[in-house]
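Multiple structures are listed underneath, in C-alpha cells.
Shared between the two complexes below is chain A, which pairs with chain B and chain C, respectively.
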Partner chain A sequence: MSALKAFSGGKRRPINLFFTEMIIVLLFFSISGAVILKVFASAELKSLQSARLERVMITAQSIAEAYSESGDLTSAAKLVLGDDVVIGETTLLLSDTKTEFHGVGTSYTTLLLENGSISMRAQESGAVSDAGGLYHLTMTFDADGEEIYSLSCSAYIRNGGEER
Partner chain B sequence: MKKYRNKTLSDTVSTVGSMLLFLLFTGCLLMMIAVAAGTYSRISNNFDKTFGSSAALRYLSNKLRSCGDAEISEHGIILRSDSIADVIYFDGGGLYEKTVMSDGDAEFTGGDRIFELGGMTVSDLGELYKITVTVNGGENSTFVRKG
Partner chain C sequence: MNRREKVGGTGLGVGYVTVMMIFAVICMTIFAVLSYSAASSDSAFNKRGGEYLKQYYAADSTAKEKLAMLDAIAKSAADSGFFEDFESAAAEVSGVKVSRVRDGFSANWTVKINDRQELAATVEFTADGGCEITNWQSRTISQDDSGEHLNVWDGSF
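And now, the complex of A and B:
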C-alpha cells in the first residue's frame, strides 16, 4: 500500500510528457510495423506466385511443342513431366460425323502438377480424315481454385501419324 | 540546478518504464529489419532461380528455332545459318556465346559470357530438342520442336 501511495503521490503531479510521448511513438511504430510486415508477406507471396506462373508457362510451352509433334497429350505430358505424372480420368465426347471429316471428337483430361498444387485441364478436340488428323489442345492451369494460365496449340498428323 | 533528492517511486517507475518501452521499440525494430532481410533474401534467390533459368531457356529456344542447322555436342551447340555460325557453350559457371564465319573457328573457346548458370545441356530426342539448365541447384527443362 505504501508503494502505491508513493506511486500515486501525495499531491497532484504534472503528467509525465516523456512517458506519454513514448507510448504514442510506440503505438505509431507498432502500426507501421504491422503494415510493413503485411507488405513483406504479400511481396513474398507475389514472388512465389510469379515463379509458379513462370514454371507453368515453361511447362505449357514444352507440352505444346511435344504435342505439336506427336498429337498425343498423354505422351507429350509424360515426356515433359515424367512418367510419374498423375493423369486423371479422360472423358471422351464424340459428336456427329456429318462434317467434311470422317470423325470429330472432344476429350477432357485433368493432370496434377507440383504435388497436386496445380491442376491442368486439357480440352482436346480432333478431326480425322483420310489425309490425316487435325488436333487442337487447350490447356488451362488452375491453382487455389483460380485459373492462372491458358495456352492453345494444334497438331496435324498426316496419314495416321506416319508422316507430319 | 535541479536536484533529484526528493525522487519518489513514481519517478523511478516512470523512468524505468520509458526505458523499457524504448528497449521494446528497439527490439521490435531489429526484429523487423531481420524479417525484411530474410524476405528480401528469399525473394532475390527465388527470382534468380526462376527467371535466370527461364531467360536462358528462352534464349536458347529462340536460337534453336531460328537456326538453319544445329550441331549438338557434349560441350555445347553450334547453330549454323547462311554464312555464320553461333557457338554456345557452358564453361566455368557461365554460358558463353560467340559468332564466327561458317568456315571459321567454330570451337568451344572464347566468346562473351551471356548467363550465369550451374550447367547447360542440349539433347536431341529425334523430332525435339531438350534444353536443360541448372541455376542455384534447381534444374529447368524445356522442349523445342525441330525445324
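And now, the complex of A and C:
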C-alpha cells in the first residue's frame, strides 16, 4: 500500500524512490564489483605466472649456454645460480646410446630455485667417442606440482678439454 | 536550495546514484579489461619466446650431433694417415657440404630452427687433428625471389 502511495504521488515518494534506487544500485554494484575484482585477480595471477615463466626461461637459457661450454651440469648451475644452489640427489643409470659412440649413462638431478618454490629436474645423458663427448641435458621446471617450462640442449666437448 | 532538494530533502536526486554507479562500473570494467589484456599479451609474448628458445636449442643440438660425427670422422681420418678420406666420408653425413681449404677441409651445414630461421655452421678440420668453428649463427632463411625486386630508387639519375 505504501509502495503504491509512493508511486502514486504521496508525500514520501522521493525518499522511497531514492532508497529503492539505492538498493538496486548497491545490488548491481556488488555483483559487477565481484566480477570485476575477479578479472583483476586473474590479471594479477597471469602477470605473476608470466613473470615467473620469464625468470625460469632466463635461468634455463643461462644454464644451457653455460652447459654448452662445459658439458657439466653442476658447474653450469653453480655459475648461473651461485655456489649456494641446492642440488638434490643425483641418480645415474648406465645405458648405451649410439652405435659409434659409447653411452656414458643417464643421470637425473633435482635443483631447487627461488627458495624451493620452483624445482628443476635435469636429465643428463652422454655419449663419448675417440674425438670427444656429446652430452644432452633436458631441464624441466616445476612449480606447485605442475610443469611450467622445459628446455633441451647439448654440449660437444672435444677430448683434451677443449671447449666447443 | 533547488526544487529537488526541497522535495527529496536528501541533496541527491533520483537517478543521480544510478548514473554515478554506471560511470564507476564502466571505469572499473575498462581498467580490468586493460589490465587483463596487458597481462595476457605479456604472457603470450613470453610463451612465444619460450617456444623459440626450445626451437633454437633443438636445432643447436642437431647441429652439435653433426659436429660430433664429423669430428669423429676427422679424428679417424687423421689417425689413419689418410686425411684426404675425410672429404668423402664427411660428404656422406646428411646435409653437410665439404670444401677444401688451405690446411684441410671446411664443412658447412644448416639446421632449420623454424619456418623463418636456420642455424648455419661452418667448421674447419685440419690434418693435425685441429678443429675450428668459424661460423655458428642463426640467420633468416633466404627467399628465392629470382628477379623480383622492390621498385625503389637505385641511386642513379
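Some notes on this structure:
As a working rule, the second predicted complex is superposed on the first by the 139 of 164 C-alpha atoms of A that agree within 3 Å, B and C clash if a C-alpha of one lies under 4 Å from a C-alpha of the other, contacts with A are read in each partner's own complex, and residues count from 1 in each chain.
Criterion: a contact is a pair of C-beta atoms (placed from the backbone, for glycine too) under 8 Å apart; a residue touches a chain by one contact, two chains touch by 3 or more.
Not measured: the values here are computed from a predicted model.
Once both complexes are superposed on chain A, the partners chain B and chain C fit side by side without clashing.
Judged by the touch definition given at the top, the superposed model places A:Ser62 against chain B, while chain C stays out of reach. Look at A:Met120: by the touch rule set out above, it reaches neither chain B nor chain C. Once the two complexes are laid over each other on the shared chain, residue contacts for A:Val25 go to chain B and to chain C alike.
In the superposition on chain A, A:Leu79 makes contact with chain B only, while chain C stays out of contact range. With both structures placed on the common chain, the touch criterion links A:Arg158 to chain C but leaves chain B unconnected. By the document's definition of touching, of the two partners only chain C reaches A:His136; chain B does not. Using the contact criterion defined above for the overlaid structures, shared-chain residue A:Leu111 touches neither chain B nor chain C, since it reaches no partner. Between chain B and chain C the least C-alpha distance in the superposed model amounts to 7 Å. Note: residues 18, 22, 25, 29, 33, 36, 40, 43-44, 47, 50, 54, 57, 61, 68 of chain A belong to the chain B contact set and to the chain C contact set alike, using the contact criterion stated above.
Residues 7-10, 12, 14-15, 17-18, 21, 24-25, 28-29, 31-33, 35-36, 38-40, 42-43, 46-47, 49-50, 53-54, 57-58, 60-61, 64-65, 67-69, 71-72, 74-76, 79, 131, 133 of chain C are the ones that touch chain A when the two sit in their complex. Chain A meets chain C in the complex at residues 14-15, 17-18, 21-22, 24-25, 28-29, 32-33, 36, 39-40, 42-44, 46-47, 49-50, 53-54, 57, 60-61, 64, 68, 100-101, 129-132, 134, 136, 149-156, 158, 164.
Within the complex formed with chain B, the chain A residues making contact are 3, 6-9, 13, 16, 18-19, 22-23, 25-26, 29-30, 33, 36-37, 40-41, 43-44, 47-48, 50-51, 54-55, 57-58, 61-62, 65-66, 68-69, 79-80.
Those residues of chain B lying in contact with chain A across their complex are 8-10, 13-14, 17-18, 21-22, 24-25, 28-29, 32, 35-36, 39, 42-43, 46-47, 49-51, 54, 57, 125, 127-128, 140-145.
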